[in-house]
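Shared between the two complexes below is subunit A, which pairs with subunit B and subunit C, respectively.
Entry: the complex of A and B
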């Protein structure tokens, strides 16, 4: 079977061959096959694909497995949260689950729509499961008073794939946090959110990976009438890291706050990619992405608003990306894109990119603050804005992590 | 093309276009005036024409080269490009849809039977003279001079009494170039590129293909293989060109592609302002226009390049019209050089065009000012590239897209800053306006910054004008919205005022367009 599978991907790299072998080892399943074929259409995404022109997984990923690397420490608080842990071979959930949350471990694959748009999401869906891990983990949320759900993803050298689905029932709300701590050659996780009418989710994502790791987190959300989604990402990147979010406003009155901060040091590459479709009238999107990059680091921001003719009227959307290149040798690539077919809408986007303001630096320096410290203070203030909408229980920690990076 | 062209969003937009109330009535009118039924340049000229055999092959290229009596090196150059072109694929990334082009269905060379160049303007066939007259482009110097007594002697005088020298390109050949002798006095070379190949082979050889290489992209490579005519300009060191130079491109013959190539070199500290205009008859078939423009600015030189593009856009159902696939690039090779592109785009069925600047010299400056109006079934994917290589290089991009009818208008731009381009600056502002509920406006800016000291800003809203300017207007009692409109329109108007007289009429009608109702 593996020989036939080889033909799925044109001129496969060694890493792609390993992925094909992994797929071959899975039980046969037509849904799984569809997802894998969607991935195989392009193979590992590479620079010749428009959506991946600055983030090349094919070139970066030499092999799936790395020598057992230590995962980063999880900074997000575990107290008071329901903690779920994913390790390469296992999955641990709290023993007692409160009312208002139902967890279903699906051993088989669920259909994965829209796979062709997210090759690494499709890969995660096709290869999730195995060992003691469920192929698909489904959470049904029916309460508005749940403690925070906290997910920890850490590896021990092995490639790891996971797929989680959240169904948030009418009137319910969810406070969610996720820590992606690396420790594997390739990690790809896909999360799907289905928000029914009058629901809310506040999602916080912390990501830190190794300089020899490739990591992708793909979030796909559908927002019902008056649903509100707030998402805050703090990403330190990896050899290549892609944090991708696709949101569809499906019914009138939905609201989205989509914020992210990325901090890339030497040898690190962080990619924040978003795609928001205003598929219903009178929906609101506010998006702010801030980044700071050091010598040898790379930051990528790709944002897109799509406003269809028939359904997108009275859209109110704003996209801002601001990046600081803190040292020579840093690089930032950005593409804030609008595709608009409806004539009665407000869509704005802005993009700035440059060094810290000399005048502000001078102000702090003349007050006796050393240069390093002044730079850290200004950068911190700059980044903090993008973290401001995170839930109280995690916001300070995210800020502190950004601070540590800036002052180290 | 079926009833529903453009992108998939246009699939059920065959009904009436409705315009929302908040759009300024004058703007709607101004856009309407540009609809294809009002296209005034759509007549065709009956004139005996020589064609190259239909289709594209090595023989076609040899035919063109022989018709122009070209030296061997240029034929080789063309053939090399053709060989390369055969291995290339037509680009599909632009936000435009059009039926597959049959490259064998076109004539690649069409010239009036009477010959290409004429000893005196009196020998130019009267049909051609009439054509240009009808378009408002006088080819007789006496007419251009009307109202100007005597010849001007100095550049300063020339500025006060502006005149325009014209190179008229009719299908594949240049039929007349005015004021050549007078320009020669200033040392300015202004002639068709076919003549320059013979008269100044060293200059042509030195610069041709150095800004847009033969294998640059699919359409530029096609042009390199079959380019027929175009304009060659050389401004010597320290010379400020005493008059505006212009080329007027006219596509007349049926089923013909126009592939002109323009090469402009401004030597050290030289200055030239160059304008081009384009029109074509209304025909039911799509016609192909794949031009290449190369600009070279050496130290302290400045080139100002203005375009009024009004090719036949096709009728309101998307039948006919020009496919305008153009590669324009300027190279600021010397320190402190400057290249500025101004374009008013109202024509063509499909536009694919990104006038760009390579800012190689330290302190060099690139500018791009664009107004693109699409109507009917038109599709425009246009913008610019600013490649910052030199230190302290600056660029400014101002783009205003107006979509009406069932059209799509896309701004696509790249700002790229090299590691060594310390203290580079860019400012980009894009505004889009949708007139009616069946069109599309898209913005796709690419930013690649590899230099920490560079400052890049992209704004796509009208509210982010300079706070100081806004404050100034506000404290004088002007309402904020009016102040913003005033400032933005004022800026655009300033750009358009730099367009020469004969193009001003078309541009003026665009001035009425206000930004009220802008969607960002």
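Entry: the complex of A and C
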């Protein structure tokens, strides 16, 4: 069996061989196999793949190794939230769950459509489960009055995988927060959201990983009629980190707010990749991504809107990416992409990348604010806009985390 | 007695080495404590450049001469250090700072200056009270102070906000760069009242303006004419009147 598995990936690296071995240890399952094959097609994504040309997991992750430091501390508040933890040893959920939420820990693998587009998502789907962790965790949401659901992902060891599916039933809404705190050499998590009509979700994502870790979070959402999704990401990156979100507007009137802030210090790489398909008429997308990068840090923004000729009519979409290079030696790569075939649409985009404004810096310093503090203040004000749509229960904490980073 | 601000033979250039352009060219000027000196001069003469060189804006290279505040060489200090020593510039073109509310900004600045001077921070209630008092004197709407600094402010509002900051920070040496331009008649009076309220035996002021009208309200002890990067004429308050009547050519022709 092992030899056959080896053939899954051409010229595998030690890390890929280890992943193949982990797959081999999972129970046999044709769905799992399909997902793993989707990953194995390319192996760990690398720079020769267009969608990964700036974020090379294969190069960053030669072998799967336990990182030097434990996972980061969770800054998001737990009070008043239903807390779910993916720990190194398993999965913990609240004992009592309120009405309107049903959780199913599926030991078997659920089909994973679209796996070929998200190699690391496919990997997460293929390798999640085992031990005390469910292969697929499914939440069915039928209420609009639930407390915030908070998920903590802290791994350990060489690798950690998880997969969660949210079914948000017609009329229901969800306030969701997720903390990705690293801890494992490779962490990959995939979340799928199915929003039926007239639903709403406000999703906040906090990510922090070690400088020797690789981390991927893949979100896939389908929005029904008049469904509204708001997402706010704050990402500090890792050796390589990919925060990828794919959204399909599936029925008329769906609305998406897709915001992210990335802050990359020396030795950290943060990738915000999004793909939004306007697969139904009269849907709205508002996207704002802001980044700040220090010397030796890397930021990547890849955004794509796809608006088909027939189904995409009356699309209203705006994509903005603005990055601050805080020091010489900071790197930002950006690729905003609008692929529009419908003619009656309003689509706009903007993409800027530059240093802090000299005139603003001088104005602050003339008033007595020291250079470092002035820089932090301007950067914080710049970043804050991208965090403004996060739920009240987490926004201040996200801001404070950004602020701490900026003033340290 | 030593003047509070003493500028001696100051030269400064802008631009990169190869294309450096000399703007200030051997400028000398003394402002004693307690006095208000006006600087007038044609467009492009170097008035704003002087204000930037004195406050430490980057991009201006001092190529000669000196400037001291109370005997201390300011030209080697960071802008924030000069601010903590009491230097304040009311900008000809105040800068917009999106995302930073006025109150937050001024309080941060005030506490940073206090910290640099080894003083205690101002308490929140004290700050708010002081802000309310200053805003009242300047006829500033409290709502305006919650908005981001200068963002969407009218030209005149920006100038009034400069004076608000000045009155809040209570600097020792004030440079007002065309604070009067853009102000309506009533606002000019309000701002001038604010500036006059700051007149003090321990405080010096340099008022850059094109118009006599401001000097009707803020009576200068001296008027200097800055042209081609240096002070070419100095007189009493009536010099401003003569300049307004005869123009620079008339007055300077006689000086040359």
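The rule we apply is simple: the second predicted complex is superposed on the first by the 405 of 408 C-alpha atoms of A that agree within 3 Å, B and C clash if a C-alpha of one lies under 4 Å from a C-alpha of the other, contacts with A are read in each partner's own complex, and residues count from 1 in each chain.
To be clear about the criterion, a contact is a pair of C-beta atoms (placed from the backbone, for glycine too) under 8 Å apart; a residue touches a chain by one contact, two chains touch by 3 or more.
As the structure is a prediction and not an experimental result, all values here were calculated from the model.
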Clash or fit (per the criteria above) of subunit B with subunit C on subunit A: fit
Contacts of A:377 with subunit B and subunit C, given as first, second, both or neither: second
Contacts of A:352 with subunit B and subunit C, given as first, second, both or neither: first
Touched partner set for A:367, first subunit B, second subunit C, both or neither: second
Subunit B versus subunit C as contact partner of A:343, first or second or both or neither: first
Contact breadth on subunit A, by residue count: subunit C or subunit B: B
Overlay on chain A, subunit C to subunit B nearest C-alpha distance, Å: 11
Footprint of subunit A on subunit C - complex, ascending: 55-59, 78-80, 82-84, 87-89, 91, 94-100, 105-106, 108-110, 112-113, 116, 148, 165, 169
Residue numbers on subunit A that touch subunit B, as the complex places them: 50, 54, 308-309, 323, 325-355
Of all residues in subunit A, those that touch subunit C in their complex: 357-360, 362-371, 373-374, 377-378, 380-382, 384-385
Residue ranges of subunit B touching subunit A (in the complex, touch as defined): 9, 13, 19-20, 22, 93, 95, 419, 432, 434-461, 463-464, 519-520
